[in-house]
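Every chain is named by a letter (A, B and C) in the order it is written, and numbering of its residues begins at 1.
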Amino acid sequence: MHRWRWLIHIVLKSLAYRQGRTMLLLGVLAMAASLVTSLGIVSSAMGLRVAEEVRKYGANLVVLPAAARMEVGSGGLDFGTIAEPAYLSQEELLRVAGREGVTDCSLHLRGHLRSGGLEIPAEGVDFAVIRRLYPWWQLQGGWPDADEAVIGIDLAARLKLKAGDLIRASGTAGAGEFRVAGVVSTGGEEDKLLFIPLAKMQEALGVGSSVSQARLLAQTGGVTLEQRAARLQSLLSGSVVREVRQVARTSEGLLKKVQLLMALVTAVVLIAAASSVASTMSMTVLERGKEIGLLKAMGATRTGVLLLFCGEAVALGLIGGGVGYLLGSGIARFVMKTVFMVSAGIDLRFAGLSCAVSLCLALLGSAGPMMSVFRLDPVRSLRGE
Amino acid sequence: MVTDIIETRGLTRSYGEICALKPLDLLVPEGEWLSVMGHSGSGKSTLLNLLGGLDRPSGGSLQLGGEDLMTLSEDGLARFRREFVGIIFQQHHLVPYLTALENVMMAQYFHSVPDEAEACMALERVGLGKRLKNRPGELSGGEQQRVCIARAIINSPKLLLGDEPTGNLDHQNTGMVMELLKELRSEQQFTIILVTHNREVADWGDRIICLDDGALVREERAGR
Amino acid sequence: MMSALKLMPLLLAWGGIVAALARYFPARRTWLLISCASSFVGGLAGGNLLLTLFKGEIASGAVKSLVGMCFLCLWVVALAAFYRVTGSGGRSIPGERKKPYMSVASGAASLAGLLAGAICVCRLAPQGAGVPLLPLFVLGVAGALLAAVAIGVERFVPADITVTGESLLALIVSLLLFASSFSLQLDLFSPLSMKVMKFIHDFVHQFFESMLMPDHLFFRRDVWEYIGYLFGSSVGFWGALLIWFAPVILICAAIRLERLPSVVHIRQGAQRRKLLAAFIRERRCRLTVPCFAMLILGVAVYNSRFPRVEYWDPKPVAVAMNASGEIVIPKKAEIDLEDGKLHKYLFKQGGREARFMILSTPDGHLTVTLDACAICKPDGYGQAEGAVICYYCKTLIPLETVGKPGGCNPVPVPFKVGADRVSIDAMTILNRWSETVTTTSRIKGGGK
């Protein structure tokens, strides 16, 4: 196989001769490949991470009474109160939850209380569970102890309350006084509510041990969430069990948008890199016109000369891909460490991708110049035209 | 019985309106040293390019070594060039980033396989045994031309074409190159066709033909 | 139609074998055609005979061992070729290599045809039973026709691609292995990797024993990890891969390392080099066939690792109970219960439902079972070749044991078989279904 070894030898010598141009091309290819690699690694790791986070935190099922009309609200819109209050049985919920692979269950009791002459919407919750299932609550102040309450930021502004103040609220069947431990702001409907311990709410509304909705974090090992929901619904009388898509969908949606943005940036960079390679290569062909003519005069076939240039493009592509992969991995590690606080492992799949991208760029960029090499007339080039 | 290695009938080449070579009938027997003289623009380079298969004729027939060049495809011409013809140019066209040895091996590569030993021997034959590893930039004009000669004859061509090979050389180097050509020709028995405008150089050959304005005007026996 | 698709790669492999033989024996095409066609048909008939007389496993076992012996033959030939080239300073000139005797050649061709036919039959055979006469006949005709086509097509393959004796054998064996990799029972790579793993495991075990060391000593943790690698399944895979590809690699190496004919007698440099270049090119062409064989072997490994199994899983047919509280299903209505295939039914009554299936085992008995087992989640079953598979835990349950309770077998249901019908008590089946489903659903993760 002498010929192949000779070809490689010539290709390397040719690249080494024009160091400046080779370095430039390598730089462009490595940069493009490293961009693709780093964005690819970050994007795939991000995807995994977000899925993990969504799985770890936040409830994924919500149980509502079948008879109640759902209080629809999303962000600023609030379509009003429940037409007829309907409740779920707390004991039944807890009992079923324990059996059906539900790891966490947050019970809510929604209602209205009067305070200082105003009617305020309030919710009775178990704060310990809230802390686990609702990690996006941002509290100014602290988490409440027993008999303390949390107030939403809009409501606090309306009532002119802050952390540490006392609020007196009464329902149809009872009343209570609570110290406001913290002010919550989530950007959602929580900002308008007053949160007090569940037991107190139940007392105030006089509904015994009932709740108006429950949010569950159910395990999904082995069955899909839908099946889990269906099963729970069949076990809990008079209930409707739905998946909570909001959190998952928004973060997935956001992730998709970010990924799309990164893909667009990558595409633009790749196009720029390809045109840069193309222009450099065509300049080279112009410079080397005499050399090409000489080779043809020596009796090289057109494919023979083409092979030489292809070999150069392939060599550049491979080296650029390798360097790009190393660079891109380093960048990805850095980004993941600083932005996501996670250490990325070594992902060898992207080595292949990086080399492939670099090769494609090199070959595509040289396609035009190679066509002109093909058609070169040795006589004219040797004469110096 | 000496056969004719080159046989042309009505060979002509035009570039659009301009006729670079008027219809030419030429017979070159094997082993002859033919000198082609003429002023610039007389069509001598065109003739050489046609004979070397670098250019396609516009009309007429051209037979070299029994092969009709008109019927050959692009790749066929390439094969013809590398097996049958060796070309030397006035401006020593050497690949700048390869050493002298590698330049010769390039010709071997396109022909069949590179053979370092053979290339070494060829360079030693032309007197460059000590300058194998030097790039063209480090060689003098005469040395470069000798490398070109070595490269041209490495594949044992039947025909050696030279387009003013000594045009850029001084007197001493010219003599050296011409001596070398003469020795090689007597060793390897190829046909030489040299294009030159120098009478002294032309006299090295067996026959001289003169072209003027694309047409053959004179033919004479050289005196050497 | 499905069977035609199943057989396509095998028939192509057969065509390749015939074409390779034709390239090696260019002078004896008619004889080759006759012998190949007849041996293929013979293989079909023989294979079918084995399948009908004995159980599926015996027939496929026989075919497997024959193919395995061919593979061993290849090993021997490869080693011999390699030794010949490297050992005694290989002095053979390509053009003068002796072609083997006609008897050896005809034997090889016939054996290849027999095996190819047998493999085709085994692939086609449903659950290891015999194949009906018509498809067999069609297959025989197709095989013979394909042989003729292959011999004709071979003329158009560029003449540069030459075939040596060793590479012919390599190609034939690799095509046979490729063909057999399509059926689970005939696949050779998995048993090979199992054997390698077992061998290494036993060897390491023996090694430690013989060194008078107890099995689990206090080695340094990382040393133990490395030793642990030897026990993993990947060592079986890599070892088997080595053994699988080694003969063809050796043959490639033998061709590559073979010394080119001497060119020193040619004085003129250019001619010498041209001749040399021609020899190199010719050697490269001789390498194409073994490289192609390597590719085929790679595809066979892929097939073995990722087998495509089509599961027969019909949509459950809804049934109702009659006045006496029984579900009656006729044996031969639109659905023939005794055709050896799974039939699923769905019975709904007052908010409760039960899925069950009726199957005719290879012994000829009908069994009725639930479409659920006692340990896994009720995901259902599908039918693969000769077995049913539980979708949840992916266990293969041989057809013979369907109807017996236990393990991941589908839960059997009492039923009565009449002359032309099967009747099942509706209440029993509903109760059994609810029992099974509630017990299995309660188990977190569903057992296994």
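Here is the rule we use: a contact is a pair of C-beta atoms (placed from the backbone, for glycine too) under 8 Å apart; a residue touches a chain by one contact, two chains touch by 3 or more.
All of these numbers come straight from a predicted model, not from anything done at the bench.
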Closest chain to global C-alpha mean, per-chain Cα centroids: C
Measuring centre to centre, with centres taken as mean CA positions, what chain is farthest from chain A? B
Rounded to the nearest whole Å, what is the centre-to-centre distance of chain B and chain C, using the mean of the C-alpha atoms as each centre? 65
Find the geometric centre of each of chain A and chain B from their Cα atoms only, then give the gap between the two centres in Å, rounded to an integer. 69
Which whole number of Å gives the spacing of the CA centres of chain A and chain C? 43
What positions in chain C touch 2 or more of the other chains? 280
Chain A: which residues touch two or more other chains? 2-3
Quick check on chain B: which residues sit in contact with 2+ other chains? 83, 111, 113, 155
Enumerate the contact residues on chain B facing chain A in the complex. 49, 52, 54-55, 74-75, 78-83, 85, 87, 89, 93-98, 102, 105-107, 109-111, 113-114, 151, 155
Chain B-touching residues of chain C, taken from the complex the two chains share: 268-271, 273-274, 276-277, 280
Chain A - residues contacting chain B, complex: 2-3, 6-7, 10, 13-14, 16-18, 290-291, 293-302, 304, 378-379, 382
Per the touch rule above, chain B residues touching chain C in the complex are 83, 108, 111-113, 115, 118, 122, 154-156
